[in-house]
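Across the two complexes that follow, chain A remains constant while its partner is chain B and subsequently chain C.
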Partner chain A sequence: MNTRKLRDLIGTKTLLLITLFVSSLFFLIFILLLSRSLLVLESHSIIEVLFSSIWNPDAGQFGLAAIIVDTILVTGFALLIAIPISLLSAIYIVEYAPRRLRKTIRPFIDVLAGVPSVVYGLCAFLFLAPFVQNVIAPFFGAQSTGLCIFSAAIILSIMVFPIIISLCIESFDAIPLSLKEASLSVGATKWETVKKVVFRASAPSIIAAILLGFGRAFGETIAVNMVIGGTIRLPSSLFNPGETLASLIASKYGELMSIPLHESALMLVALILFIVVFLFYILGFLTLRRAKKRWKY
Partner chain B sequence: MENYQIETKNLNVQIQKNSILKNINIKIPAKQLTAVIGPSGCGKTTLLKSFNRLLEIQDEVNISGQILVDGENILDRKASEIPDIRKKMGLISQKPYPLPMSIFENVAYGLRIHHNKNAKELAEAVQYCLEEVGLWNEVKNRLHDPASRLSVGQQQRLCLARAIAVQPEVLLCDEPTSALDPIAAQQIEKLLLKLKKEYTVILVTHTLRQAKRVADYVIFLYFGMVIEQGTADEFFNNPKNPETKAYLSGEIS
Partner chain C sequence: MNRRTLEERLFKILMVGSVCIVIGSLVVIFGLVVINGASSLSIEMITQTPRPSVPGDPPGGGILNAIVGSLLLALPATGFASLIGIGIALFLQNDFLHPRYSDIIRFMLDVLWGIPSIIYGIFCLMIMISIGMSSSILVGMIALTLLEIPIITRSMDEAIKMVPKGLKEGAYSLGSTKIETAFRVIRRQAFPGILAGILLGLGRGIGDAASILFTAGFSNRLPTSLFDSTATLPTMIYNLYSTPLGQSKAFAAAFILLMIVLIVSVLSRLLTRRFKKHIIK
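Now for the complex of A and B:
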């Protein structure tokens, strides 16, 4: 009897310890990043770092503006492509596709969502970049090596849409049949029902899916690194090479050679990534809570 | 000669190869309240949903026979005409499903689809429908709140208002009171009695007492077959079929 109680106690406490350890990692990483990036902030004001576009570690210049602009461009453009494609194909799969097609297509999309990003990066490097160089850039009258912001955005959107599709399929599937019947039975067509009822009723999950897609696009490192060209200059077109926050760390960590200031600057970049993801999580949480109230059925 | 709004001829429905309705031949009088009774799982809801062709949105449904509405077989109609068939038949489901929008927009939903009304006409029509179901005074100050904030009984009346907004001829009610508390249920029952003057009401119910209280005409379904149909008076006081007698006396349920 007593040993059973003891085991129960030990079991409970062990679980608590493990959980505490995992959640304390959040603070540990944050403190680590913050403390290591203080060095660069001592000699450079945060304004200078965020708004100067000159990155020249040898001369002690660590302006991130160009990188931030590229990050916004790549992430934004990728989502701009991925969101409509994902929503429409998810709604097709759930509401319109014949049953057999629906069942066959899902595993493929789920696997796509799990393919390692380096695979996407390699494909993009070998096939997408030349295509952009030879066909797409000339079509828009631009010259490009193919290693550019545009290619990075395209490959990111391709990586993001299986995630959004997969989550949207789940949320559209969860809409009760009776809710759709309620709309259909006043004489709404299927498209009207989809547009006004299914999309609205799943708005909270769509928002969650998009945020997850944003997280993936924003933080994606290796695939972007392989096709973006690695140039730190304010871009004048999407066909310019660039560098994102995440890909910058991947390109530069090998050449640090223990220059403390350079190392500290990269830690600052990591800190920015950390904070943005955190802020987006909070924003997402709040929007989701509001949306759930607003679009409840 | 009575005026029949809906008539079925040899209606058979199979869902996933299971025969749910077998050779249904019924007549439903216009502007009266017809109760469809029978134990659960006997095909009442399926019968109801065949009338506005809602069965077909599910997979593997086979329908044969005829469903004549005002003399026309609705099973012959093209897919593009189905929304018009459904507009003619309002549906009230077991559990109320307000659409994910405001109270006002719920009622305006069908109106926006079918009619080109300006803001004033729309507001008037919405008010009229909400008054019809006795909800106006309860919600007039919060028309733009999400409909999900209403109580379940209010939601059910809202669904009724949404259904009558598009001026249907028939109201298909699928056990509309089963999810409600007794007072809300009574309100709905009274409403149905009032509405049957303007609409043909078909009420699926599994409570005999409810059918006795409100029905003019009764159809008794058992294992997907029509056992007996007739006026409420005849059905309850002078049932002909032994199975009906057994059901009425509570021997089978």
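Now for the complex of A and C:
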């Protein structure tokens, strides 16, 4: 009896320690990034770093504005394509598609959610970029090497599809049948039912899915790095090369680790990534809680 | 009435269109990797390490070092992350912690899941440099473990949440301690979900390049110790994609990576179904 109690005590304490350790990782990362980026913040004001678009490490200038604009463009454009297409596809798969198709599509989508981003990047570099260079850019009357913001956004949206779709399918499936039947029985068409019942009833999960898609698109490093071109200048069109926050770290870190001020600037970039993801999760958490109350069924 | 049916029809066309876009783009990517990968795959490719190129002679050899490196990094990392993950997931139940605290920890794990993997990479790199190590399998393994912990923990946690309350109460009423209940009853009942979580973590870990780009380094030789740097399949692709001569190797690596992800996913489905037989409904 006594040994069992002792074991219970030891086990509980061990689990507590492990849990505390992993939770502290959250703060550890934050503190380490912050302390490393202080160096650049001491010599440059945060305003200057965020709103100046001149990135010239040799002259000690670390303006992130161009990179931030590129990041917003790439992420925003990718989500703008991905969200409507994913939502419509998920609705089709759940509500309209024949049973057989539904059963084959779901495992397929799950596999795709797990395809590594380098694989997407490789395909984008070798096939999407030439396509953009030779067909899409001339179509819009622009000159482009194909390695540009547009290509990065397209490949990101393809990467985000399976994430949003699989989460949405799950939540659409979970809606009680009676809810849909009630709407159909008062004469609503199928699409009206989808619009006014299915979308609302699963609004919290849709928000969560979009948020997850945002996180993936915003933080994607390798695939973006392979196709965006790596130029730090304010873009004048979507067919200009650029650089996002995450891909900047990947392309610059290896070569410039030795210069403290530059390293510190890259740490600041990582810190910004961390803070933005954190803020978005808090925002998502709060919206989710409100939405759950609002659309309770 | 007419407007409504029109709207219905319009959106149906849009839906079919978007499904076609989604499936089309994904089939294209799969097809490209399989066609190009299979054609550049050979016995030499998977049994040899890269030969340094002589000028004028295409670089030969294979990608054995990347395959070995990927497995050496991802398998132990998944093992560690699963051990830690199952502990936390069981601990997050209400028996051990007040729901308020477990919800905070869940939220933090979600954020850790969401932060870009490159942050884990430079986090480990910073620690590595400050204690005077250089990029090696060990550091890469730690980076991958940290990356996988939130993924594995949260998916196990979701599976454990599904365990019926009665089962737990039954165990307690027979006099089990909390730890015994957690590890002997709940762990067994949630096993299919736990397994799925581990395989999800493995799939993510083996394909991630950003976290091991700087921590595991790159090398053309097979690693001989834990402190050697090594190539992995993702970093191999990342290093070779832009050189015309290296593209066949990049595609071979992408093909193998895709196959591993596919096998892990199928395995997850089969095993989950197999072990579901043993759980109490």
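We adopt the following convention: the second predicted complex is superposed on the first by the 296 of 297 C-alpha atoms of A that agree within 3 Å, B and C clash if a C-alpha of one lies under 4 Å from a C-alpha of the other, contacts with A are read in each partner's own complex, and residues count from 1 in each chain.
Methods note: contacts are C-beta pairs under 8 Å (C-beta built on N, C-alpha and C of every residue); 3 or more make two chains touch, one makes a residue touch a chain.
Everything quoted here is computed from the prediction, not taken from an experiment.
K.L.:
In the superposed arrangement, which partner chain does A:R99 touch: chain B (first), chain C (second), both, or neither?
P.N.:
Touch partner of A:R99: chain B, not chain C.
K.L.:
Who does A:L88 touch here: chain B (first), chain C (second), both, or neither?
P.N.:
second
K.L.:
May I ask you to decide whether A:I206 touches chain B, chain C, both, or neither, giving the answer as first, second, both or neither?
P.N.:
In the superposed model, A:I206 contacts neither chain B nor chain C.
K.L.:
Should A:S183 be classified as contacting the first partner (chain B), the second (chain C), both, or neither?
P.N.:
It touches chain B, and chain C stays clear.
K.L.:
A:E192 contacts which: chain B (first), chain C (second), both, neither?
P.N.:
both
K.L.:
Now for A:V74: first (chain B), second (chain C), both, or neither, which partner does it touch?
P.N.:
Once the two structures are laid over each other on A, A:V74 reaches no partner at all.
K.L.:
Which partner does A:A137 reach: the first (chain B), the second (chain C), both, or neither?
P.N.:
In the superposed model, A:A137 contacts neither chain B nor chain C.
K.L.:
Which residues of chain A are in contact with chain B in one complex and with chain C in the other?
P.N.:
Dual-contact residues (chain A): 189, 192.
K.L.:
Chain A touches which residues of chain B in the complex?
P.N.:
49, 52, 54, 57-59, 83-84, 86-91, 93-95, 97-101, 109-110, 113-114, 146, 148, 159, 162-163, 165-166, 172
K.L.:
Under the touch definition given earlier, write down the residues of chain C that touch chain A in their complex.
P.N.:
Contact set of chain C toward chain A: 4-5, 7-8, 11-12, 14-19, 21-23, 25-26, 28-29, 32-33, 84, 87-88, 90-92, 96-97, 105, 107-112, 114-119, 122-123, 125-127, 129, 146, 149-150, 153, 177-180, 183, 200, 203-204, 206-210, 213-214, 234, 237-238, 241-242, 247, 250-251, 254, 257-258, 261-262, 264-265, 269.
K.L.:
Which of the residues in chain A end up touching chain C in this complex?
P.N.:
4-5, 7-8, 11-12, 14-16, 18-19, 22-23, 25-26, 28-29, 32-33, 36, 84-86, 88-89, 91-93, 96-97, 105, 107-108, 110-112, 114-123, 125-127, 158, 161-162, 165, 189-192, 212, 215, 218-222, 226, 246, 249-250, 253-254, 257, 266-267, 270, 273-274, 277-278, 280-281, 285
K.L.:
If we count contacts the way the header does, which residues on chain A are in touch with chain B in the complex?
P.N.:
The contact residues of chain A facing chain B are 99, 176-189, 192, 196-197, 200-201, 203, 293-297.
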